[in-house]
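The following blocks contain the structures, represented as structure tokens.
Look at the two complexes coming up: chain A is in both, with chain B in one and chain C in the other.
Coming up: the complex of A and B.
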């Protein structure tokens, strides 16, 4: 029985590590399409992890969130992002304020910080899923990092939804998810914000003929 | 007593004998996937036989290092093949060294190759040597850290102990840190073996070559030894990967039936990973030289994360 629990929690841990790796790929790549693919892959891992948690814990409402996140995060949002890329005819590589090797090293530092700052909590945790909380925290921080280090609007959107993924995973792994109504609200928020930002991307492209958000500075006077 | 004699012979037979076959297998599958017929699986053997028959031409300006290098390279790789558990988790040279010795023997072989590439004074050789050093300076830390992650999980740097413990205690393998270490090691394997995203093993006389650049001056039996050593290196790295991270099926003792099963599973596992290498080679273009730090940096970061997460979560 305990053996079974260990195997279950280790499986979820490995899925968490896979999510972390796709996030690292997201930071290390300069191609927009690869970024969106990496995001879709990570969402799929997240969905799989939440499905497994629902299965292992036997809490039914997690199945509902799993279903919604499958539809929304794996299909709708990446599809929408691909649609924006195609419609705006974006071919340029994603710009970044720092080079990619340095970004990877900084990302490594962020993950280490996440591990060390959660060290005291996870030692006393009852569950066996010990990698989940530090990884959820580091995905949140890495999302923030993507938002401030990248120039292009679409990668910044991906940074934002990466942060949301991290929070969702943190809630899921530590307390088996938030109440269903909160989750539904969150999903709706994410969907609406991505769509609104998609429209903004279109407007930025219209006005500046580029997606570099640094150009928005020109709006001052 | 007989076991002590049979095991080293068996290991040398497998590693030395089958390494050209693995290379041939990879080339053949790759050719088939590119809709070419490709050379026969046994082509590397024909090449070796032909090269061994030919005379070796040695540059007049080269020193003794040039003549020593093929032997040093071949023998150091040969010693590694006795230090790695191949079919049985017992290792013939168990008493003399562990995983650290293996890493240093790889480094020794590489060091002599680079020296030779500088020795003859050809421009291609020097360039290949400096590139090889650049790649290895980034690949080696990642390799060491990822192997140490495994060593820390089972508290032993002895490959025989590592394989034994992981074999008897499979839950240990379901460790996220080991998973990270596995990925880091897989990237390093491609870099160390000089396969496509890092180095193209098929190019000659191009400005992009790394490993081939160092071997340009060799001919005849010297070239045969160096090429054989490089294919053995590929098989050895695959063996380490397979037997550490997927040790199932490896024989614990030295029974006949155990060894047969171990051999069958070994062939399957090596074939699978060779196939994965082909898939990677098919789906990626060779990276520009200055993009390589990016890839190897990822491997390094994965291995650092592996070792840190092991410590923190333990």
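Coming up: the complex of A and C.
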């Protein structure tokens, strides 16, 4: 590395741990609104971490991505999700394929796996990546876990953007973010995919009169 | 410049299709647009023939033989699909299944889909390639759910969720590659350019590259339809309109495979080719095996074709994994052959659907009497896709299998033996299911005769490629395939 930047890694570590905790809250709760709030909180912490890294490293394009991230992940996407919930008049909570206690225990297992699988990589690193990469991978895998364990269509969308957050954090902590053009493309893709999924949530609600994705089983062998 | 023209043509076509005042002419715009793209691509092909590689716009675009093969497939199948859509969607319009406004949006989305696929191929930056592959998912979700009934919505939901998750996992692979490239190339913003990365790939951190390839294979493999991540594929392929199914099966899965091959080259250079080759072989064989039971007991002809795509993408992965001269050559030839043959079969399936209004094979008998042209082409296509001599798929499958035996590696030989058994079983399933449909006595109430001249023209266009490759590989294509071997091995 050409730039020997002393990053205040403790602050970022704390933010990383807080992000992990909000993700675990996401797994432990069944209420849809709490889930969206938890997502918005985590996005805010991610933006904060991104802003801090921009300050410490002095790389200008991280400021741009921080700004977009603040607008998109903290305001637009949670707002859009609240709008979908309100518009489709979703009151009923749809459950999970496994109960919440078991889900939390499995979540701990996933975090252990994330630490274990990145061990080979992080032992050579001495930047703050050492703590952040396993946490980023944990968040990604936990997002994946949310997607496969929940039945509710909107919770699945939240799982997906959780994965995307984890990736964003991984890119930030390993290599100070991706090149700007890639980041911009990434934000565009996230926004468009969330909007398309929102449209399909509406359509599925119209035809199936419910958002339980367990009902989607017409196409079977 | 030519690359930019190739990319802009589908965008202009898409916009023109949706903003034209007269509904009737959007199909002609669509055909003309895809024809122009095809011509540009032939010109690009000749350039590559002379210069081997082309770079443009500050290294933003990078074109070599591997790219050319994929863009060739995209433009050929896209032209055929545009031609076919003109007939097929007109008939759907006539049956009041869709409205005129919706038809224009159909053309818009189809050409945006073609644009994103071309972008995947010509882009140099691996990060932007990721964005473009995700873009193909976004452009096609509404096409999968085009008819907007319950089953189409289900297919579309499954499609966008599974593919986006897969692609997100692939992003982790991209990030790890970027990280290791940054360690070698330093802080330049172009650290993700494939043309730079391949020169320094041997200096990357091996642990990182191994993990990165695994994520890329699972992520892009989801989009390519490699088992066990293929579950979206039969649903999406069977629910989309037939021309779109043809584009899905023929080219979309190849575009993702193209992404995997790019990383395969980097990983081979970094940690030796054994690691990524073995992974490709294992995933490939699983895909071939998984598709067998579904092909044997299938009731729906479009799903039958979709599972056959899982088999063939597995076969291509195996061919790349074997890694010998003839198997890489054969696998890439197979990519081309599979694209034209499978698209041809999906066009036949579309004609059957227009005629019989059902996708159940039980209800269809005597196609060759009711639809003489479609029936004949279907009969040829079924033999071709199952790898019967002398057709084109036989040529490419034979090359790969022969090289598998020739390698002398016990592991590879066992894989090849299993593969031969699988291909035989699939042959049986295919012939049994399809030939009951093609022959027999037709039910009385279906009128004779083909639906549209456009659909026949599209099918004859693809049949031309099927037949010509069966007997003769044109020198231009042969040169491209040889260069691909050099790119993959020289790594």
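Rule of thumb we're sticking to: the second predicted complex is superposed on the first by the 207 of 221 C-alpha atoms of A that agree within 3 Å, B and C clash if a C-alpha of one lies under 4 Å from a C-alpha of the other, contacts with A are read in each partner's own complex, and residues count from 1 in each chain.
The rule is simple: contacts are C-beta pairs under 8 Å (C-beta built on N, C-alpha and C of every residue); 3 or more make two chains touch, one makes a residue touch a chain.
This structure is a prediction, so every number in the text was calculated from the model and none was measured.
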item	value
Clash or fit (per the criteria above) of chain B with chain C on chain A	fit
Partner chain in contact with A:89 - chain B first, chain C second, else both or neither	neither
For chain A as apex, the angle formed with chain B and chain C - C-alpha centres, to the nearest 10 degrees	150
First (chain B), second (chain C), both or neither touched by A:130	first
Which of chain B and chain C A:121 touches, first, second, both or neither	second
Nearest Cα pair across chain B and chain C, whole Å	18
Shared chain A contacts, counted only where both chain B and chain C touch the same residue	3
Of all residues in chain B, those that touch chain A in their complex	171, 174-176, 179-180, 183, 293-294, 297-298, 301-302, 304-305, 308-309, 312-313
Chain A contact footprint on chain C (complex, rising order)	125, 127-128, 130-131, 134-135, 137-138, 141-142, 145, 148-151, 153-158, 160-161, 164-165, 168-169, 171-172, 174-176, 178-179, 182-183, 186-187, 189-192, 205, 207-208, 211, 234-235, 238-239, 294, 297-298, 303
Chain A residues within the chain B interface of the complex	3, 6-7, 10-11, 13-14, 16-18, 20-21, 24-25, 28, 100-101, 104-105, 107-108, 111-112, 115-116, 119, 122, 130-131, 134
Contacting residues of chain A [partner chain C, same complex]	1-3, 117, 120-121, 124, 137, 140, 144, 147, 153, 156, 160, 163-164, 167, 170-171, 174-175, 178-182, 185-186, 188-189, 192-193, 196-197, 200, 203-204, 207-208, 213, 216-219, 221
